[in-house]
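Structures follow.
Both complexes below contain subunit A, partnered by subunit B and then by subunit C.
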Partner chain A sequence: MHHGSFRYLIKHELAMGISRFYKKIWIWVYVAIILILAGTALTIWGGNDKFNPTYILFSTYMFPFLVFGISVKTLKREWEKGTYGWWLTLPYSRFRLLAAKAVSALIQVIAGYSLFFITVLLLGIYSFIIHGEGLSPIRELFATELQYAGILIGVSPFMLALGLLATVVRRSVMKPLTPMIWIAFGLFGNIFSWVSSFNSLSESGNSNGLISGSLPDWIWLCIIPVWMIAALLFAATVHVCNKYLQV
Partner chain B sequence: MTKNTIEVNQLAKSYGSKQALNNISFKVREGSCFGLLGPNGAGKSTTMKILSGLLDADTGTVSMFGQGIRKAGNAVKDRLGYVPQSITLYEKLSAYDNLQFFGEMYGVQSASLKRRIGEVLEQVGLADRAKDAITTFSGGMKRRVNIAAALLHRPKLIIMDEPTVGIDPQSRNHIFEMIRTLKNDGVTILYSTHYMEEVEALCDDLTIIDHGQVIAQGELIEVLDRFGTQAVYLELQDGQRPPSLPGSGAPAQKGRGWLLETTNPLSILSQWAQACQSASLQVKQLEIVRPTLEAVFLSLTGTTLRDN
Partner chain C sequence: MSKVVIQADDVFKKYGSRNAIQHLNVSIPEFSVTAILGPNGAGKSTFMRMITGMVKPSAGNLTVLDQTPAWEVNRSIAYLPDRARWYGNHRVGQAIEWATNLHPGFNAERAWELMKSFGLDAATPVEGMSRGQEARLMLALCLARDVPLLVLDEPFSGIDMISREKIIAALIDSFSERQQTVLISTHEIAETESLFDHAVFFQEGTAVLSGDVERLRAERGSMQNIYRQLYG
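Here is the complex of A and B:
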């Protein structure tokens, strides 16, 4: 029984999340405006020494916060639509129900990151070509993107698990823990500021707030413990959902 | 020997200092319709939530199909259909799409799902509205789709938490008919409500709870006989007052007639018939009246269900 049902859970989550989001016209209007502005700015002021396409990567600073938001929205929807009673009585453990939410949120996040980095790379190629700088800065841009993507992949599971925990805790007898979650949200959401600060202290650092050069190895080594903490947060979410939920 | 689909034993649950359930116990016979009756705040929904796996009890045990629900978990949920108190549908999706989603979630194989959706929509009388968005449905129709969703995986037990609250009479009658059909098909139904007439119309057995405690339970007839007082109803032409009977209490007015509660209804019936004949009063209606659940509740708690 229920062969493939986990797949259906994820399919449903994606249908409720991604497809609905992308069906909203105003989202595309915003995307178009941002692309036109970025393209115009790069056409007029572009070039490695002026408006470097790398500067667009500043917008990744908000991504960890967005991951938290996507995660909260995925779970909060069951309460907003009044479907939580039905959802919780489905013949699945709460671990599986929450795992489906987490996986679908992660798919959305990875899809979003991929789109963003590909778009920035294309804008970079456009800018470097029209300003006659050739293709050599593209390699540098790509390398910088990889570092940003690496940090985002490192911190996203944590923000995602934190979002699920925040949503469940708020609807449980553990509600007084909510301020602690918000503190963690603020601290870890600002991951790029922390990395940038540590990086500017090192020799390879860049004082303009952007990450450049190679980040020290210990930053990459931190990813594993962060993922382990994310797993613990997810386990805590399941536990609160099992034992302390107020329904 | 009759098998029990549900056995609830010494169930207790509190929310902070408020004791919602205080050691309640009852058994639901296989293939029966069991009514859980009580005023708002009596503990019905808490009981339903524990039985459906939404909540854990503080103490006590619940077994379904002979298995403890804590241990059996999903094995029990597979055979259970739950109709929650609030409507749980995706408003922008059509009735068909909602049911397709619910069917997939319950593991109904896609090959048979389409046929099954057609069957349940027929069962709830909404086959012609399959492609319409839920947002265009009345409250009663939404409730019927919600019930259809709970039937898709052919559960052996259906838990319905106040399914007729706020719906139109047509949908209410449809739900009643559906429950009777399900019962005839051998499905066990646990039906929670604060409408006594619904329990009287549908249920074989019942438990009345108030302030988290069981105040009466058993077969419907048995509860009425044990806790209710019989009465004789008399209605005279032009709403006249009935003749008084020596040694009996004063009758109470009910509708256009009068009701006299008694432990010996046959004697009162006979005395009233003779007295009316002697006084040449024209009798429109004279009958022994069964006790009602309303009267039972009143006699047990001193309050009416809807007053609470």
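Here is the complex of A and C:
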């Protein structure tokens, strides 16, 4: 085995994934505009619960779908860019090649989450300081962020594995399974709707769609079986790639 | 009788109800430079993909370097895929780094020599390269590997005459320097005929004619004539 090949594959995948963002200046223009708008809104309407920084956490609802998208993109680009012949004939097992893609996608996802939650926290600190609300709401915002991050970390491996599976199934003799994958995508991608529905029914929850208070323990216990299903989906992806891929 | 490096015995490959390869029986001798010839859709690329394990035969027996094609065997094969592109975010130097890290038997020193002879320097970005420059880059990465088997699927496709000439010159140099078994599929028979000492003609997924080029020429005329006789 070529020494350090797995680490190099991850590095290569990360470079491929990140180079897209560097080159697209319009993405950074949008990020800057959104940050300016959020800062301005918090300056004008923040304080006294008029515009609570916690509301920005609503945007996490789309994150599981984005994870699926990143996962699909990391594999699909081999076909789109005409490099699949190089990739598939590398002298490494399909498990190793796909694992490198999964790890690189996971690194990108975790980096994205960290950036998002730190930014929201900083906006919250800014809002609470200028409106003189003290430390208590900052702690509350941080605790809420932790719950959102926990759910995202729980569901992300599943969405990631599902994205890889969707991409290989589409290019295999098993293509008729694609609609089932899209159904799973819709159901699991919408995880925050499910969680907030259960949360609003519980005593600690509220009805505005945002998670508040502590989530019941069984929701956290669900993470382990979800990760196990993600591992099975990854194994299925490797199997389809080994046996049924059509190139 | 020289050793056989690739042996196909009654190999089939089906895509749905269509046979891309059928009743394929081929022997490729060791250290030969073999032309894989035939019209589009004859099964040449599928055969090459089967050699690298990218495509698995539906039936029959295929051995490459005395093994069943699989990712492990690819350590010993340098393969240039059909219609391939290189990673757009790379520069030439990064492409060499990629191959150094991922391709066993990759000789970086030789790769730099080839890049230089092809007029490519380390800082040249792949994005923005002409089709010919990109083809030269990919071919250099294949030729820089010290492996027993080199498989080139249409290395001249869509490439201008000057690039073609440079590539053919590099191939001649490479073959004279090293003992390798080489398979090349191409439609540019007139320009490449001098490279080959063995040929396999494909039609509708099967080998309709194969053998030593000198013998075929003596029996049937030039390779172009044979091509016209078979497919004209």
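FYI, the second predicted complex is superposed on the first by the 243 of 247 C-alpha atoms of A that agree within 3 Å, B and C clash if a C-alpha of one lies under 4 Å from a C-alpha of the other, contacts with A are read in each partner's own complex, and residues count from 1 in each chain.
To be clear about the criterion, contacts are C-beta pairs under 8 Å (C-beta built on N, C-alpha and C of every residue); 3 or more make two chains touch, one makes a residue touch a chain.
Keep in mind that this is a model prediction, so the values were computed, not measured.
With subunit A as the common reference for superposition, the partners subunit B and subunit C occupy clashing space.
In the superposition on chain A, contact of A:221 is made with neither subunit B nor subunit C. In the superposition on chain A, no contact is made by A:44 with either subunit B or subunit C. In the superposed model, A:25 makes contact with neither subunit B nor subunit C. Once the two complexes are overlaid on the shared chain, A:88 sits against subunit B and subunit C alike. In the superposition on chain A, no contact is made by A:135 with either subunit B or subunit C.
The interface of subunit A with subunit B overlaps its interface with subunit C at residues 2, 5, 8-9, 12, 16, 81-83, 85-86, 88-93, 243, 246-247.
Across the complex, subunit A is touched by residues 15, 49, 52-56, 73-74, 77-78, 80, 82, 84-91, 101, 104-107, 149 of subunit B. Interface residues of subunit C, counted against subunit A in their complex, comprise 15, 49, 52-56, 71-75, 77, 79, 81-89, 98, 101-104. In the complex of the two chains, the subunit A residues touching subunit B come out as 1-3, 5, 8-9, 11-12, 16, 81-83, 85-93, 242-243, 245-247.
Within the complex, the subunit A residues that touch subunit C are 2, 4-5, 8-9, 12, 15-16, 19, 81-86, 88-94, 243, 246-247.
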